[in-house]
Amino acid sequence: MPVQQEQPHSPPSEIIDSSSSSTCDDESWVWAQIKAEARRDAESEPALASYLYSTILFHSSLSRSLSFHLGNKLCSSTLLSTLLYDLFLNAYSTDASLPCAAVADLRASRLRDPACTSFSHCLLDYKGFLAIQAQRVSHRLWIQGRKPLALALQSRITDVFAVDIHPNVKIGKGILLDHATGVVIGETTVIGNNVSILQHVTLGGTGKVGGDRHPKIGDGVLIGAGATILGNVKIGDGVKIGAGSLVLIDVPAWTTAVGNPARLVGGKEQPKKHQEVPGESMDHTSFISEWSDYII
Amino acid sequence: MPVQQEQPHSPPSEIIDSSSSSTCDDESWVWAQIKAEARRDAESEPALASYLYSTILFHSSLSRSLSFHLGNKLCSSTLLSTLLYDLFLNAYSTDASLPCAAVADLRASRLRDPACTSFSHCLLDYKGFLAIQAQRVSHRLWIQGRKPLALALQSRITDVFAVDIHPNVKIGKGILLDHATGVVIGETTVIGNNVSILQHVTLGGTGKVGGDRHPKIGDGVLIGAGATILGNVKIGDGVKIGAGSLVLIDVPAWTTAVGNPARLVGGKEQPKKHQEVPGESMDHTSFISEWSDYII
Amino acid sequence: MPVQQEQPHSPPSEIIDSSSSSTCDDESWVWAQIKAEARRDAESEPALASYLYSTILFHSSLSRSLSFHLGNKLCSSTLLSTLLYDLFLNAYSTDASLPCAAVADLRASRLRDPACTSFSHCLLDYKGFLAIQAQRVSHRLWIQGRKPLALALQSRITDVFAVDIHPNVKIGKGILLDHATGVVIGETTVIGNNVSILQHVTLGGTGKVGGDRHPKIGDGVLIGAGATILGNVKIGDGVKIGAGSLVLIDVPAWTTAVGNPARLVGGKEQPKKHQEVPGESMDHTSFISEWSDYII
Amino acid sequence: MPVQQEQPHSPPSEIIDSSSSSTCDDESWVWAQIKAEARRDAESEPALASYLYSTILFHSSLSRSLSFHLGNKLCSSTLLSTLLYDLFLNAYSTDASLPCAAVADLRASRLRDPACTSFSHCLLDYKGFLAIQAQRVSHRLWIQGRKPLALALQSRITDVFAVDIHPNVKIGKGILLDHATGVVIGETTVIGNNVSILQHVTLGGTGKVGGDRHPKIGDGVLIGAGATILGNVKIGDGVKIGAGSLVLIDVPAWTTAVGNPARLVGGKEQPKKHQEVPGESMDHTSFISEWSDYII
Amino acid sequence: MPVQQEQPHSPPSEIIDSSSSSTCDDESWVWAQIKAEARRDAESEPALASYLYSTILFHSSLSRSLSFHLGNKLCSSTLLSTLLYDLFLNAYSTDASLPCAAVADLRASRLRDPACTSFSHCLLDYKGFLAIQAQRVSHRLWIQGRKPLALALQSRITDVFAVDIHPNVKIGKGILLDHATGVVIGETTVIGNNVSILQHVTLGGTGKVGGDRHPKIGDGVLIGAGATILGNVKIGDGVKIGAGSLVLIDVPAWTTAVGNPARLVGGKEQPKKHQEVPGESMDHTSFISEWSDYII
Amino acid sequence: MPVQQEQPHSPPSEIIDSSSSSTCDDESWVWAQIKAEARRDAESEPALASYLYSTILFHSSLSRSLSFHLGNKLCSSTLLSTLLYDLFLNAYSTDASLPCAAVADLRASRLRDPACTSFSHCLLDYKGFLAIQAQRVSHRLWIQGRKPLALALQSRITDVFAVDIHPNVKIGKGILLDHATGVVIGETTVIGNNVSILQHVTLGGTGKVGGDRHPKIGDGVLIGAGATILGNVKIGDGVKIGAGSLVLIDVPAWTTAVGNPARLVGGKEQPKKHQEVPGESMDHTSFISEWSDYII
């Protein structure tokens, strides 16, 4: 199996690398697509035209559109939309990695979610996408030492999107947060590239002591709906965590863990390894036949 | 078993049919009840009178009241309440099935949820009820080909109510979405009549390929809190899915599936069948004694 | 074991008692801390100063600050912030137990959650903390017979914070609702002191019949993320419920229940008992080694 | 004088009659113009497109557009936009004279005000136009006996537009309220057709006794900026009142009154009569040479 | 003249005194009237019921109702309604003269303005009444040395009501600000009791030097629409200033000044004196026959 | 007369020139003053601190503060604050004359209005100042051919501030619009430097024909409250127009025109000339003794 393991995983790794490095080049192409989609939709749907114009067609770049949209979504009576808009605009214009990551995430949604029919749909309507972009800005503030502001932003994100990600969390590119409601990701979590996370997933800590206490998620991982991963455990590259699983210890790369408590499909000794990248294929259920005790 | 099966289920089926067909006749009676309740509450509670008058007592019909309430609940700074009100008013006035379904859902909440003490309480305060009604309108828009608008509405529903139901989902009548937070229902799901679904339930797909990939839920089904049902599986009429269950394959009618992964109560070969309609009885836990390995 | 049991639990009980009885004395000290923190943050972070001044520094007491913050958070176009502010102000000024409980909850967050770096952070940003305080006011209204208003408040709390707690629920002091999204607590639930509850936890009922039908949670209990406890079951003092567990029957004091369905760590006959207060230690995972069939 | 008077005035009277009777026929033409203008402007000005789509292009008729615009303009935190929208929609759909009068007023602005470059500009931006349309609805409510609502609407109009017209005031068609700020028109005023009124004009009463106590303004009258007309005086057809004039007694038809106190141009005995309709020509100042003591 | 003067003016003076001293006794009676009116209107007009309940019927006193109404009227995105409500509540509860003055002003509107049909109509809808009450609070803040806050309040009052009264202005009781739009009252103005001021009135200063530079208005004065009084001039008790007048020097008690520039009716040497209190009779125009050169 | 005229006016002209040319140099000094004032006020007045931080202290420059403040003031439900903020930010950052003019206007208010006690007070609270700055931006849009947007901005300015200035109007620097309510300035008006205009002033046109039809106002002019100037007339440098005057023909430089109709103080043949700059001295009334027929 070690032999088999090394061989098949080179291709997926390549795919991951290339996709994450190339995202920035196509920002203008993606933005042009978004504008074209919005124009088409505004023409066919007068009830939406106002929304499309103010949020997309009025703006000269993806960064400005996102800053505007996030400012309007996350504002409250005590945190004004104009203030947040200013904050986002400033972050996007001084940190080129932010629009790059947004483009990679847009592509991830478009490719992996069959219900995502256009880039503009994702930009406007996907709260998972928006929550991630806002967290990236809060992360930047956190790194800069502007912690109270970063935490206030986290609070608005969980109020508005029901997605609670600590500003310290380091997140890779090409992330899909599908449906997103109820996702909770703790302070010292690290998430790789091309990861897909479903609704109600918890990447949590344990105990009241601080320090490095949350999961480390590799590249290309898929975490199914309602899965709970607790503690400073390592989820290897290409791992698939079944929906509703409870994971409390490390999971080796390219394996599948399912159940409460989670077990490796194929068994602890010789777990079955897969070759596709689950974070990209989004296949949650093909392991059923292998799950020996799964019997209705 | 066929014998046993057919016999006990005739009565519940009748109950289901009659309740779902008779709902439309009593719209005016239910609306009169709601007005009377609101008037009584406005008199006894000045702090609420303003809310009750603007949302219920000002209006001449349930359709107008609902359109008004949903418009005010789902609006944002970029999707005006007046625009949404217009949209809902138009849908309710041209599609008689919408108010009928709302009445059936009101009755479902009133009958099945002991915490629901009045129709007006459900109309005003139940986000599950409101999310379902808004989805019914988004479904109508989707059928009419107004997809971007339907998706924008879905986005508002999940932002505001934390209930994410794709506009394509076909939902029967007499639905109770109890507590509702975190419910996710994917694009090709079909839900029968008199179904009750608790919070955090996922009716999801799997994989990045489109097509018919979500569960089909029969009549009278009860799906417990946190249950996850994935893939194009068939959940038969009168099925009960235990809280926290993970269901990846079909479940036969009038049986109970529990656990992660889910197993049939009574065993795969001779599952225990029940006679009451779980979607109506709301009994989540009576199967405990049958669940052999349930031992604390 | 009874002998062992009684002995080790006296200390934790003392801790519980002392912490819950002393909370009221230190309200002015906590408020002074909050003001100092807010002043420091306003100086270092201009983008947040406006928010800090309007929500904290403008006010003369914790009660007024909380009333103001909750009024602004929970208002809608049909329930004005001024009306809610009035309601909260009135409750806080006439019921001294409300600010006392708020102080105890602030201390609980500060002590138990390593991500909580200041009292002001919790006061401003923790939706679990805010949801609990608002529920305490709705509970007071419920007790006074102002049921429609209490239910309307419950509705706003679940819309805004995705936390759904019935106004009838009786909640002790020193509660931490960590992350909070998706928590659902039913009508006849009772919760003791120094309890910690994670996100997506359901304390639910079963069946459509009213009456006393929800869990009773003892002092010092810890309920992990996504756990579901259904029915009028008794969860003893100092119990730890593992993440993702499904609990349908009583759990004895100072034991740990895990899994779906939940089992006692150490076994039904001789469950392993712990000595620390899990609601305070927040230790979710130390039982892994004891969980015999937990094998990845 | 009678001879002179009758002869020249037949032509203007005809103009008045025809213009006021023909307005209703061209509603669809005017609405088509407005839509075309809005579409052109939305294309050339992205910053305005959202506003144009939500206020004009989304709607199927002038009545709906106006109802929507007035609802959004006149709403407050205690009078919701959705409630006002409903009120206006209902008035416009049941009283055909309201859209007719709006069209006549739009034409009046377009023809008489050189700064009015398009119908859509007037519809969107002219607070005088909007105040008049809202007053027409308040007048309808007043007539129907819904006096408190009519007065609440008057209050919103004067708060938002600084135009204070009592709901009892009967106003003809083809009215231009130019600039509009500060216009005050008392309860028993009657205003004819094709009248133009500039900013800061008062048509007021006197004394604290009720009854018919305000001016009666004929057809085709022009009232200059800051003019004050007090008491139940008759301002004849085709009269021109100079800017800043104070008028306390009747003014004969087709004459010009100027000054404080106002005097007839040409003298009391043989006032100079003009032939054009001042309410349409908007000529405020051609009488200078006749105003004997006007010498700087 | 002294003889004539003293004799007739005793009665009006008495009337003034008594009316201004007795206002406070009837606060509860007026508040009961207002509640009864609001209840009647709410019953007959569902469209207004929500507004009436939130603004009047919800509250336990005139002071709370006014604080609530002013907070909602004067708030902005940067000055929250809750903050202003707090400010007004605090002022009304600690300074008993404020509700007393409000009652006197309500009575003044009710008695002097034939278009004012109920106390509640004035309380809800009269921007002159509301502007005066808000200025009284700003005056209190000014006296307390809280000048920036007082000036911010002045700014909101002139934005919302188009009434610009400096916080330093000392205003008596029983004031009617009829229609109110455009009233401007400068810093060192003093206004007596039972004064009535119409729209567009300026009580202004002159020059860029500070100090006592604005008019002093006696008791019972009536100032007509658009009148301008400039400089530190004394307007005696019972004076009537005609609409549109420009007054730059003192006007003796119980006389009438009209015109631009203003002259005394009856002439400078022997001005005609009246006996009624013009601020109460509201008679603007009875002097016409005396105004020698008033000839149309 | 030419001799007399030239001699006295050289000094004032110098004052005008120097003040208008030097304004840009001191932008940073003025901004530092504003920040210091705001910091002082925020410390002494907690109720205002939130407003001062969000509007002034949060920002890095006067341009950003003004853009933010205007965006929040002028927004509506259909013209978002974020959109307007963007518009203003863009104008201020690309046209250096805009902040320069704002500084000159701030200085004008500070020097000429004794009620203006600080720069920050003017920036925050003076609707005349804010209306002028917003008009400068609308003028820039007009010049760029973005006419519909410029007109929409004009509409918001007159709704919010009751100041109606056409975007085509060319306005100099060092302008004071004192109190500002009701000011109306027509399309082809030109206004020089160091002009002061009081409330209710109309600079209007006449007739329904377009073209150059509005007043041309020289440098250093003072226009008193309620004055109306109509037609394409030339108001010379240093002219003083008395309050309430009606001016229909040219007024020579350094003279005073008063009355309705206006006459030159000193007479048409030998008008009295003054030496101070009235737009700066703000002296409205010193001409009384010269106004022969002014007799009360």
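The letters A, B, C, D, E and F name the chains in turn, as written, and every chain counts its residues from 1.
Just so we're on the same page, a residue touches a chain if its C-beta (ideal position, glycine included) is under 8 Å from a C-beta of that chain, and two chains touch if they have at least 3 such contacts.
Bear in mind that the values here come from a model prediction, so they are computed numbers and not experimental data.
Going chain by chain, each one touching the next, work out the least steps from chain E to chain F.
Minimum number of steps from chain E to chain F: 1.
Would you kindly count the fewest steps from chain C to chain D, each step being a jump to a chain that touches the current one?
Shortest path length, in steps: 1.
Give me the rotation angle that lays the C-alpha atoms of chain A onto its copy chain D, rounded to the nearest 5 degrees.
Between chain A and chain D, the superposition angle is 180 degrees.
If every chain is reduced to the average of its C-alpha atoms, which one ends up farthest from chain C?
Farthest chain from chain C, going by C-alpha centroids: D.
Please indicate which chain is farthest from chain A, where distance is taken between mean Cα coordinates of the chains.
The chain farthest from chain A, judged by C-alpha centres, is E.
Taking all residue numbers at the chain B/chain C interface, are over half used by both copies (same) or under half (different)?
different
What's the distance between the Cα centroids of chain C and chain F, rounded to whole Å?
Result: the chain centres lie 57 Å from each other.
Where the CA atoms of chain B average out and where those of chain F average out, how many Å apart are those spots?
61
Nearest whole angstrom, what separates the Cα centre of chain C from the Cα centre of chain E?
For chain C versus chain E, the centre distance works out to 53 Å.
Per the centroid of Cα atoms for each chain, what is the distance between chain D and chain F, given in Å?
So the centroids are 29 Å from each other.
Can you list the residues of chain F that touch 2 or more other chains?
Within chain F, residues 47, 50-51, 54, 58, 72, 77-78, 80-81, 83, 86, 162, 181-182, 200, 226, 244, 260 contact more than one other chain.
Examine which chains touch each other and state the graph shape they make (line, ring, star, complete, other).
complete
Show me the residue ranges of chain D that touch chain B in the complex, using the header's touch definition.
Touching chain B from chain D are residues 50, 54, 58, 64, 68, 71-72, 78, 80-83, 85-86.
What does chain B use to touch chain E in their complex?
Those in contact with chain E are residues 42, 46-47, 49-51, 53-54, 57-59.
Which of the residues in chain E come into contact with chain A in the complex?
Within the complex, chain E contacts chain A at residues 77-78, 80.
Within their complex, state which residues of chain D touch chain F.
Listed in rising order, the residues are 41, 44-45, 47-48, 50-51, 54-55, 72-73, 75, 81, 111-115, 117, 121, 124-127, 160-162, 179, 181-182, 198-200, 224-226, 242-245, 258-260, 280-286, 288, 291, 293-296.
In the complex formed with chain B, which residues of chain C make contact?
Its residues touching chain B are 76-80, 83, 86-87, 146-149, 151-152, 154-155, 158-159, 162, 164, 166, 181-182, 184, 186-187, 200, 202, 204-211, 213, 226, 228, 230-231, 244, 246-251, 257, 260-264, 268.
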